[in-house]
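Have a look at the structure that comes next, please.
By letter and in written order, the chains are A, B, C and D; residue numbering begins at 1 in each of them.
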Amino acid sequence: MMKNSFGRVLISIVLSVFMCLLISGSTFAADTIKLGVAGAHSGDLASYGIPSIKAAELVVKDINAKGGVLGKKVELLTEDDACKPEVATNTATKLVSQGVDVVLGHICSGATKAALGIYKDSKIICMSPSATNTDLTLSGDYPNFYRTIAYDDAQAQLQVKFATETLKVKSAAILHDKGDYGKGAAELAKKYAEQAGVDVKLFEGVTPGAVDYSAIVQKVKRAEVDAVIWGGYHPEASKIITLMKKERMETKFIGADGVKDDTFIKVAGKYAEGVYATGPMDVSQNPLAIAAKKAHQEAYGSDPGAFFDSAYAAALALLNAIEKAGSTDYDAVSKALKTEYVDTPLGKISFDENGDAIGIGFSVYQVENGAFKELK
Amino acid sequence: MKPILEVNQLTKFFGGLKALDKLDLDIREGEIVALIGPNGAGKTTFFNCITGIYTPTEGDVVISPPNKKTMRINGMKPNLVTKNGLARTFQNIRLFPNMTVLENVMIGRHSRLSSGIAGAVFRPKSTRREEENLINDSYEILKKIELAQFVNELAMNLPYGAQRRLEIARAMATEPFLLLLDEPAAGMNPMETKRLDDLIVKIRDTENISILLIEHDMKLVMSLSDRIFVMDYGKKIAQGTPDEIKSNPAVIKAYLGEETDA
Amino acid sequence: MDWEYLLDLFLGGLTRGSIYALIALGYTMVYGIIELINFAHGEIYMIGAFTALIVASVLGLMGMNHIVIIILASVIAIIYSAAYGFTVEKIAYKPLRQAPRLSALISAIGMSLFLQNYVLLAQTSNFLPFPSLIPDFDFWEPYAHILTSQELVILITTAVVMILLTFLIKFTRTGKAMRATAQDKVMAALVGIDVNRIISTTFVVGSATAAIGGVLIASHIGQINFYMGFIAGIKAFVAAVMGGIGSIPGAVLGSLVLGWTESFFTGYISSDYEDVFAFLFLVVILIFRPSGILGRSETQKV
Amino acid sequence: MFSFNEIKKSLAASVWLMFLTFPILVIRVNTVENVVEWRWKNMVYAGAAAFIISFLANFLVKRKEAGNKNEKDKGNKETLFISQRLLNDKRFFFPALVVVTIFILSFPFLFSMYQTSIMSTALIYVMLGLGLNIVIGLAGLLDLGYVAFYAVGAYSYALLNHHFGITFWVALPIGGVLGAIFGIILGYPVLRLRGDYLAIVTLGFGEIIRLVLENWNAFSFGPSGISNIPRPDLFGIDLSLQANINFIYYILIGLVIFTIFVVNRLQNSRIGRAWIALREDEIACQAMGIDKAKTKLMAFALGATWAGMGGVVFAAKTTFINPASFTIWESVMILCIVVLGGMGSVIGVIVGAMVLILLPEYLRAFSEYRMLIFGTMLVTMMVFRPGGIIPDIRKKYTFEEKDK
């Protein structure tokens, strides 16, 4: 009996496929603008995803208060992908089936890559506040992808430039957290550092979440480098810097935007003093940013988390583009994104051919009395 | 005529402890031989050494199956020992509790069959025939051991006596020329024991399988066995016919008159 | 040969080992008595840390003095972890005593998931700074560049805890009862041991140790989040197995071996393959000693 | 009918829980203007919930002990009954089969693209579950590193495609074979180990594979993974997204049927029985003339084969893979599927996979609460059905009709 059901399946596969070819991507007539928010809302990376929901909620709240977009209310569809590619594809499919118009997300580069294929085929624009993997924009594989954060390459260049020219670093140890974000960044840093003639004595990954990093710190100490360049997020960074300081080491510590997060300072406390980190240009003076932060504190009783500003900016940019385009049509919106400028907590931004934001500069910060201070 | 099982100077140490000490034993075709001795005399250890579960420290175990060539089997893997025609039962019953009675017996036939994964998946004629025969053969064996009525019961649901018999059936399924029974009558009531007695004789006579059994039930031992070996502290202290053993002072000493229930 | 470097790595490994040990002890006790890989143990340790943090910050805001905070925070953390351990056993494992062991394992996994997300929802997904409860002792300052005060405290505590546990198991009535239960529950019950009580006690003690670990480790690495229990838990379990699961000294030894392995491998070769090596090492040990370094190799009765 | 005693018990429970959840549920330190929030209402909720739950629990436990089945169990009895019929009774078999087939085949047209997509994911896990079921359910070897073979499969397709443009259909068998080879390689050293020692070592192997993939960039492109893996091709016709998703769905249906077919045959074959015997009692099993090492390795290899093929499909479905998809949690999930479904039982595993994979998706409604609920489900299911949802039923032989 197994055999004949084999037969049936085969026949029906062929049949159904042709049926599918007839049914082209079905269109949804919607009376609301559906803004999808996808990213890690659970699991160990939740702390990077949840702020983007909060940002979206706040943006949508006051845009709807102002009468919405194109006279329609904006509706939020938040979906969790736990930063797992396999989940991300389902998340994306779900959003597509729900007839989402534009997507804010995803958070992790890996998940984003997995999801983008699906958005691309269904002509949906997707804007990430945090996916910094260079290929996402520069490879040209994902014309429907935009982001409100500078990609790893730019940061790495800045890091190295700063290290060599300002700090006069001759030798460096490059550490990373073995993650797609961290290791990617670290490799680029290595590339540029070697071009700049810096002697990279160590290039190693540490295990995230490990209980203790003294061994690697000892190794750095022994290598007697001028600086440690860190590719990765802040939890490991703070553990490492803490140990380094406890070991009475004077080695400079340079992180990227994964580190430029107030939590880092909260966690590392006094040991954070003097740490360098690259990150989006300082927006603490930007009225929109201040307003957003205040709104967040009022709404949730806590300071906004990682990537809040860029998520806030992304939400604004997307909705503004729809408004300007006068429809949710793919081409119109892409055009709007690339031509129209919009005021965001990150400043006045637009997007270039690749989908990278124009107008969000990058700068180097140093921790001074418990706060990141921009270095001019 | 040549003994089908010949054990020379078999010795087994556990660390410092000498479990078996230069043990000699031989079984001729068609015999029922009993191995007796007080608890902890090393009887089961002896079984384990022969069947490859332990490797003996010294000594030889030689088998010469009827119309096959002689071979040394000490240190041989248990499954190969079985393949070469030695089958055993266990003192503490070791059935496959969650398999049916029939399946338990079918397992016994494993080493006599050949079908592999490919056979299992594609079920060529050969495999199908093999399975058919397997099922029928196993059923036949169950009939012989009088377990046919339990065929599809899970082994763990059988009454105690039946479980003991199933162990024997399973062992017989491996087509042994010599059957090693480890306390087959342990915990049986007199009626079950009687039944076992007949069964063992029947196996010997109809299947011409020789039998070596460890047993404490002297009545059974005396009525069954052609010859008896007596062990104490890993040594052989006596051997002979039931009558010789009954009157052997060393045995009486070892047992402190325990044999009077014979 | 750079001796100071060697020493540094040695001490680093020692600290790391002790940290594993504090968690591994609980694992090994629970396993020893009901042969269950208590997946939720890491979570208990996490809860210990969280409780300590909450208590500490509340008291801090009330402006208590440092010492009081340390003591109260630790004590309350221990009490609560113990309570959690006790409850988890009652809810998720006790009903499964008779069930196939894998079912209990799945139940444990479920518990672990539950506790993680419970803390995530009730508190936060962010990393929280953990006050370094242990001050930098002045008298230790000269040696602080080799071994920080926190590390010193961790080492000492681990040693003490291990000794206490060994004593508990070897000499007290409860300890004897525990060993009896571990050997054979039915027999233990027959000789009048209240098996359920003993098992609960084991969980309570195990969880208490986990809490101690939680507090110390958290104040060592200075941060906690709801996910911290998982990786630490896995590592600790590996350590426990390496040492011979079910044996208290084994757990500590295994943890130290694991700690040193990782430390030296990172120090002399590369931290990239640190864990790979740790696991390979475990495999090798188990291939030569199938029941761990100090594990009693169960000779199966035939 | 509820004795005062029960109520007292539940009260005690709720009080205890309120105490237990007090610090974490009630207190929260507001990080903005360092003040403590006291969220007393949470405590009330906790207490109330605890009261009701423990009340229900007592109730259910009483019933369970009393032996008369509550609705939940009845439901399962029903399915068990049907499943039994499906397996044995020809009369019930064909109509049932027809209905099921029609439903399965029309699924993509009845439900949305999303439904089809998650169903495909579930089907991948059905394959994995059935594969692992060979190792754990039949041969009784607790393997926590199963995900390693899954990774092998996924990467073999991704890499072969990336370097030599090998297509899905070629990669599928290759993935299976590679899986099997790795199964043997990893299986060999651990032959001596038993129970949880085996578990932890296999877990180690799983991690090793993942870490190697993470660190060895030259080979595996490291954590940034491999993107743009082509979806399965159909004689070079390029399909719309919808069609593609449906196509994968049908491929998986085919594979799953194939798997079930093979596993079923294995189960009641010489090899299958040997595995079960091995699970039941190693010593006796050897004493019956079964080669322990060979049998174990066969189990590892066959189990791994399905993981390998599953991996290939996985890579084709997500079009992007990186080591992060192959963590211990994956192994644990698959283990859960097998145990929850009912070890050794094919239908059990299928149900298990459906429950464990679809549940979290449908729990999305509860957004951030979903994993919490999921955890709770695991515990409750195990507590009330330790044997799994649909336990294994041994094949019965009757002596009129011969081989089936």
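Heads up, the rule we're going with is that a contact is a pair of C-beta atoms (placed from the backbone, for glycine too) under 8 Å apart; a residue touches a chain by one contact, two chains touch by 3 or more.
The model shown is predicted, which means the values in this text are computed figures rather than measured ones.
Enquirer: Along the graph of touching chains, what's the shortest path length in steps from chain B to chain D?
Expert: Graph distance in the chain contact network comes out at 1.
Enquirer: I want to compare two interfaces, C-D and A-C. Which one has more contacting C-beta pairs?
Expert: Most contacts of the two pairs: C-D.
Enquirer: As a test of understanding: of all chains, whose mean C-alpha position lies farthest from that of chain A?
Expert: Comparing chain centres, B lies farthest from chain A.
Enquirer: Counting only Cα atoms for the centres, state how far chain A is from chain B in Å.
Expert: A distance of 71 Å separates the two centres.
Enquirer: Quick one: report the Å distance separating chain B from chain C, using the average Cα coordinate of each chain.
Expert: The computed centroid separation for chain B versus chain C comes out at 49 Å.
Enquirer: At what distance in angstrom does the C-alpha mean of chain D lie from that of chain C?
Expert: 29
Enquirer: Find the geometric centre of each of chain A and chain C from their Cα atoms only, then give the gap between the two centres in Å, rounded to an integer.
Expert: Distance between chain centres: 35 Å.
Enquirer: Mind pulling the residue numbers of chain C that touch at least two other chains?
Expert: Within chain C, the residues that touch at least two other chains are 117, 120, 124, 272, 275, 302.
Enquirer: Can you pull out the residues of chain D that are in contact with at least two other chains?
Expert: In chain D, residues 215, 283, 368, 371 touch at least two other chains, as defined above.
Enquirer: Residues touching two or more other chains, restricted to chain A: which are they?
Expert: Correct list: 42-43, 178, 205, 266, 302.
Enquirer: So in the complex, the part of chain D that touches chain A is made up of which residues?
Expert: 30-32, 37, 93-94, 97, 101, 105, 108-109, 112-115, 117-118, 121, 214-215, 217, 222-225, 227-228, 234, 237, 239-247, 250-251, 253-254, 257, 261, 314, 317-322, 324-325, 361, 364, 367-368, 370-371
Enquirer: Of all residues in chain A, which touch chain C in the complex?
Expert: Residues in contact with chain C: 42-44, 46-47, 50, 178, 204-207, 209-212, 214-216, 218-219, 221-222, 234-235, 238-239, 242, 246-248, 263, 266-269, 271, 302, 305.
Enquirer: Once bound in the complex, which stretches of chain D touch chain C?
Expert: Going through chain D, the ones touching chain C are 16-17, 19-21, 23-25, 27-29, 34-36, 42, 61, 136, 142, 189-190, 192-194, 196-197, 199-201, 203-205, 207-208, 211-212, 215, 283, 328, 332, 335-336, 339-340, 343, 368-369, 371-372, 374-379, 382-383, 386-388.
Enquirer: Give every residue of chain C touching chain A within the complex, in rising order.
Expert: These residues of chain C touch chain A: 2, 5, 8-9, 11-13, 15-16, 19-20, 117, 120, 124-129, 144-145, 148, 151, 217, 220-223, 225, 227-228, 230-232, 235, 262-264, 266-267, 270-272, 274-275.
Enquirer: Quick check: in the complex, which residue numbers of chain B touch chain D?
Expert: For this pair, the touching residues of chain B are 51, 53, 77-80, 82-83, 87-88, 90, 94-100, 102-103, 106-108, 110-113, 115-117, 119-121, 123, 127-128, 130-132, 134-135, 139, 151-152, 154, 170, 174.
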